[in-house]
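Okay, so subunit A shows up in both of these, paired with subunit B first and subunit C after.
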Partner chain A sequence: MTFQQTSTARASKSSLFLRSQMRNIAPFATLILLLIFFSIASPSFATIDNASNILTQISVTGIMAVGLTFVILCGEIDLSVASIANATGIVVAYFTLQESYVNIANIPVAGWLAVALALAACTGLGLVNAFGTTVIGIPSFIMTLAMMQIGAGISALLVRGQIAYNVPDIVSTLGASNVGGFPTIALVLLAFLLVGHVTLTYTRFGRYIYMVGGNREAAEYSGVNVKLILGAALVICAVCSGIAGMVGVAHFGSAQQNEFDGYLLDAIAAVVVGGTSLFGGRGGIGNTIVGLCVLGVLNNGLDHIQIDSFLKILIRGLILLAALIVNVYVQNIRSVERAEGA
Partner chain B sequence: MTTDPLDPSDTPRLQMQGISKSFGGVAALRDVDFTLRAGEIHGLVGENGAGKSTMMKIIAGVHTDYEGKMLIDGKEVHFRSARDALAAGIGMVHQELSIMPDLTVGENVFLGKQPVTGAGIIDWRSMMSGAHEQLKSLGIDVDPKTRMGDLPIGLQQLIELARVIFSGARIIILDEPTSALSPPEVQLLFDVLKGVRASGRSIVFISHFLDDILSISDTVTVFRNGKLIVTHSVEGIDKGWLIERMIGAGHEDLEESYTGTITLASKPGQPVVLAAEHLGYGRAYTDVTFDVKAGEILGIYGFMGCGQIELARTLFGKIKADTGTLAIDGRKRRLRNTTQARAAGIAFVPENRRSMLFYEQPVYKNVSISILGRISRLWLKPNVERAIASKHVESLSIRPPRAEVALGALSGGNQQKVALAKWLTHRPKVLVLSEPTRGMDVGAKDDVVKIVRALRDEGLAVIVVSAEPETVLSLADRVLVMKKGRIVREFTNETISKDRLLEAA
Partner chain C sequence: MSEDKHSKSRRDFIRTAGVTAAGSAAAMLGGLGISPAMAQEMAAATGRSEKPLKAAFSNAGLQATWCAQGKQAAEHWGKLFNVEVTWFDGQLDAVKQRAAIDNMASQKWDFVAIQAFGIGTLIQPVQKMIDAGIPVIDMDTLIAPLDKINVHTFLAPNNEFMGAAVTQALVQKLGGKGKIIMTQGALGHTGAQGRAKGFQSVIAANPGMEVLDDQPADWDVTKASRLWDTYLTKYPQIDAAFFHNDDMALAAYNVMKSRGRTDILIGGVDAMPPAIAAVADGRMYATVRNPSSRIHGGAIVAGVAAVTGGEKTGEGIPKNVVTDGPVVTKDNAAGMQWMQNHFLI
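Then we have the complex of A and B:
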């Protein structure tokens, strides 16, 4: 009798654990399945070279996704990441001496100053996002939608349909070189992931991010300055996007309008596919890493197998949909448990 | 205008016979016989938890599982849903209005059954003129094109009442209809209700405001501890008569001993910690002036919706008062957000635990969140957090006694203790508690009372805000009574009983 009770208790406990870990397990299982599938389907997929390729391909998305993780953990969204990246990349090129055939009325300054100005630009845009969302009270979805357009506008005005090629040396070193055969842009990504993870997990600010996302009202009633935390998350996200934009411009070898258009969806997808809750409070950089890998493997793997390139877009959409379903479904399980427990 | 063929015979409109209902083994209603005649206004009084609202929820088809018989116009009915009840002519106006503030008055009156033209398009003209006529027939003169949210609460309530009437309801249940109304608005409501009564409809009028009950009802019924104590014509009875029956003469049925008379003690020698002067906030409260001294528990009592909830939030910087000043330790403070309030030495536990706690997080993170800034500057120190939480878990005997457990796994009383524990590590100067014992069992209540008294004895100034007289009486050293947004009475250095408290409010 006693034994039976404990064994059923244990069984329900372990199933409870499995269910509570669903958020982390599902994306990881997806990644493993994709890896197995592409390894079998294409002999050129599972190689060291290709692994390095994938890592390089996800770098720009990844740096943005780190910042976005902060915002989504707060239960907010930033739709302006790609646009801020584009604007910042163009700003840094605008302040760099270009070849004579580049027809842009730019203002060349010293490399460090150009980088500083670009950083100031993305910080400024992030501050506008933060101000609009917290002080004025515009929902972040709408505020950053406007910022998306503003960033695009800044980009368009600075290059006026032209393409710039040169960026300061420090940026090109970070974005487009190798250290012992290892792409530096991937190192930048790893550094961002590491700092992001440490910040979220081991600092007071990181704890506040999770608490504000978990129950904003309770955070406020505990004396947490919720607006400050939300604003800081939006600024961090904008700065991450700006740096992604700078190294991205170096990586692509050019700065032009609409260069990062596909990256908004990828960055959001990476965070959400990884299992970070869209409602805030759950997830983290670990989840974002898995999400990035899923996206990177998927994009790269689809190139390795013979498939209609137009079908690729649809497949990506379906995978994202599946991830969203899991994300919301897991959230529902939790809220049902909470209702029963209370 | 909907006119029902009204029953001329003497068959009661509604009869409830031998109704019993329990929730999880706890009896909420015990063998209640209740009769509602056609064309009467029937007042319903009783304390919180006396069974009034359970009874009304059975009538309105919300609770479908009960013992006993229910008859409408002599015919037995058993509703399976609120929709059933609505179809049978039972309408309810809740305390929280269910109006659409962004729609017009006309749209609100016709909500869910807008008149349409032959083409299936909403017939705005007949909707507006219909609404105007119907409202006028009740003596409510409002332009039906006005946006609902722009009207004062009193009118909104009347329009919701109108909607219920025009939906064909013959039995109308009003839950605390006067709690948010000003005296002229109450008068208007009463005029409308008299008209409704004249049309032969029956009204159940639930209220804590005994004066209102006595002035509008024909008959009044008192509930206590799930039993119907008495039904009496309103002729020849007064407030004292009602209160006596609401509380029970010998208190024989009440589990709490402190509902009798207690002597309040004030602390004249102690320094004033918090002083509020002429605070006012919108329609919620006006000209509130009081102070609280170190080592004193100040109780603020008032019926639901009298502004005490908003006042508590103002003290913690969640709501910014429109007028008046707040001083802490003699220094004037403008609290712009909760962070500043915390820094000024104020702690707050809201009435709703959900808005205070993080259910998915372990107990220790719940405890540490409000003192994180003192434990660590940049890097978290989880071991310190756990140690602090474990200390509180032990001293407050929180069950299960582990700081790692997710908060959601704790019982309500234990969750409340965690909510208190948040503020115990670095003592605030003022602790503001809103409904600290709401919904708790007796044991947990006693624990909370002990904890709060211990804090008081250590020199903390405590403010307890509650709509439950027991809560205030069990804790307070001094009591302020709020009524419709104003402080109307102060009890200090005297003997106070529940009747006197209720009478003042």
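Then we have the complex of A and C:
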């Protein structure tokens, strides 16, 4: 083998590696570019204080996104995450004693019971999603679209246009306090990310998730209970959303209808922009972390620079589109390579 | 006793003035501390309908506290004036409200009252009702420019005044000198545009005031919190903050509190009960009442006056009734809460 041949082989090997890692590299490069851009554009961006802001700001989205990563890895989607978060946040406030000026006919119970009822509520909604998708056979897109309405309906019914402010102490501690200057809501996010990562990477259940998303038929033939895995992913997602809703309500200081509506797009975007495939089977919590940071930095950075408010919406959309194009493009390259290999 | 005299003299005045139902409307709209029982008595004497009237109401969306309070007020005053109120929820969505108003227009009503979510989206069904001879009372937001559609009357606060009044209260407290941030509602919303205009007019008249930022949070408490995370990082000195509504103000207060920056004077708009409590205990400095009860209750009174008293636009009721509320500070917070409890403002 000549030197030229060796170097050509090495170059093609490294380009192959780069291409195979494109899904992970592209979002990370986007993040670095955004960090550099905003650091130059605004002196207040690259500060410790603002890093803490970004971490806090991605926490609610992040907890939702952990659950959503499980569902998307299965090749499904959950459009009810924000709605379930909202409903669960409202349920926990509904069962908490409110100030006299809050005009809601609520039922105050002990804090632990309120939290238990809220957890039961989000688990129940997740089970309905799971039942509809796996037993009845409704596509997850439609099933969770219906659940989005149901969650909004529960929220509306409980608060009846009013706003509740109080949540149990345990929820306030998790959502709206600091430990040594570090926001506890960010600690909750880190715990969720860690548990999510360990489950997906080091457990049999995690591998089954990837198998179901990668090739459902193959998984089924290998003896994996695909419906159970799908159902479990949807329930996990609903519980993550519910907990995100509870700590979110504590963090923002109020529980009200439509409060987390904007988080649906953010949560899906965080997962997909990070490089997890919308078609399932590829990606993971690591990707979700990068996606969360891209969105967090983008949202926060745009607040730091003086820019036309109308233009901001467009910029967010364009960056999201670019990331999605990369995602699908990389997926296509892989499919072609696979076909060529076969 | 003196209260009795007061109500009698008021009734005498109304009779003398020769105004029938509109008189009670004026009295109620005046928000002069009339209890519901007195109002019922007055309603009977002046404009209460003998046969039950059927009215249809729609406001922007019942998920908004302001709209939910308006519904309660309309139902409360409806009971007093023998009006059965049917509600068509706008759901904070122009398309959904249009469908609701289309349904409304296919039924028979003695009068209807509508707060449009989007200007110009309801013209056709509203015109259909006007053509059928149904008095249409426009509440808070224009259904269409008043020269384009012949509504019975338009009951609305002046958003520019509200923005200016609260900003003025903040500026005055600062002695005309300081750094201020305005957090806007949705930029496309006429209410937000008016409030911003009012804010700007006061700032222009006070050269000592510096506006640090004026980004919109779209009425969204999560966005308001995010913006204020940034502001508190970016600006070491912020003296005052004006929010286009109280919900955003209260959300931002949480952020300020968590960073120990509660020295910032906060002003809001709406003066709903949670904000009144915040003003009373010093979390907020001031807010201005956007009188939901006065507007929705006023629509009942205007509707009854039109049906039973034959009141016509320009004859008895003007085309445009400005329903401004006062600035609420610690001094008048308790009274404002009481008036809201009784749907007077």
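Heads up, the rule we're going with is that the second predicted complex is superposed on the first by the 335 of 342 C-alpha atoms of A that agree within 3 Å, B and C clash if a C-alpha of one lies under 4 Å from a C-alpha of the other, contacts with A are read in each partner's own complex, and residues count from 1 in each chain.
Everything that follows uses one rule, which is that a contact is a pair of C-beta atoms (placed from the backbone, for glycine too) under 8 Å apart; a residue touches a chain by one contact, two chains touch by 3 or more.
Predicted, not measured: the structure shown is a model, and the values here were computed from it.
Model built by superposing both complexes on subunit A: subunit B and subunit C fit together without a clash. Once the two complexes are laid over each other on the shared chain, residue contacts for A:Gln21 go to neither subunit B nor subunit C. After superposition on the shared chain, subunit A has more residues touched by C, the comparison being subunit B against subunit C. Shared-chain residue A:Gln57: touches subunit C; no touch with subunit B.
Touch criterion not met for A:Gln149: it reaches neither subunit B nor subunit C. Once the two complexes are laid over each other on the shared chain, residue contacts for A:Ser309 go to subunit C alone; subunit B is not touched. When the shared chain is aligned, subunit C comes close enough to touch A:Gly262, but subunit B does not. Legend: residue contacts after superposition of the two complexes on their common chain; A:Phe252 is shown touching subunit C, with no touch to subunit B. By the touch criterion stated above, A:Asn300 is placed in contact with subunit C alone, subunit B being left untouched. Once both structures are overlaid on their shared chain A, subunit B and subunit C have a minimum Cα-Cα separation of 31 Å. By the touch criterion given at the top, residues 202-208, 210-211, 214-215, 217-225, 227-228, 281-282, 334, 337-338, 341-342 of subunit A touch subunit B in their complex.
Residues 62-65, 67-69, 71, 92, 187, 215-216, 220-223, 225-227, 229-230, 233-234, 247, 250-251, 253-254, 258, 273-274, 276-277, 337 of subunit C touch subunit A in their complex. Those residues of subunit A that touch subunit C in the shared complex are 42, 44, 47, 49-50, 53, 56-57, 60, 99, 101-103, 156, 160-163, 165, 176, 178, 248, 251-254, 256-260, 262-263, 299-300, 303-304, 309-310.
Of all residues in subunit B, those touching subunit A in their complex are 316, 318, 337-339, 341-343, 348-350, 354-361, 365, 369-370, 372-373, 376-380, 408-409, 412, 422.
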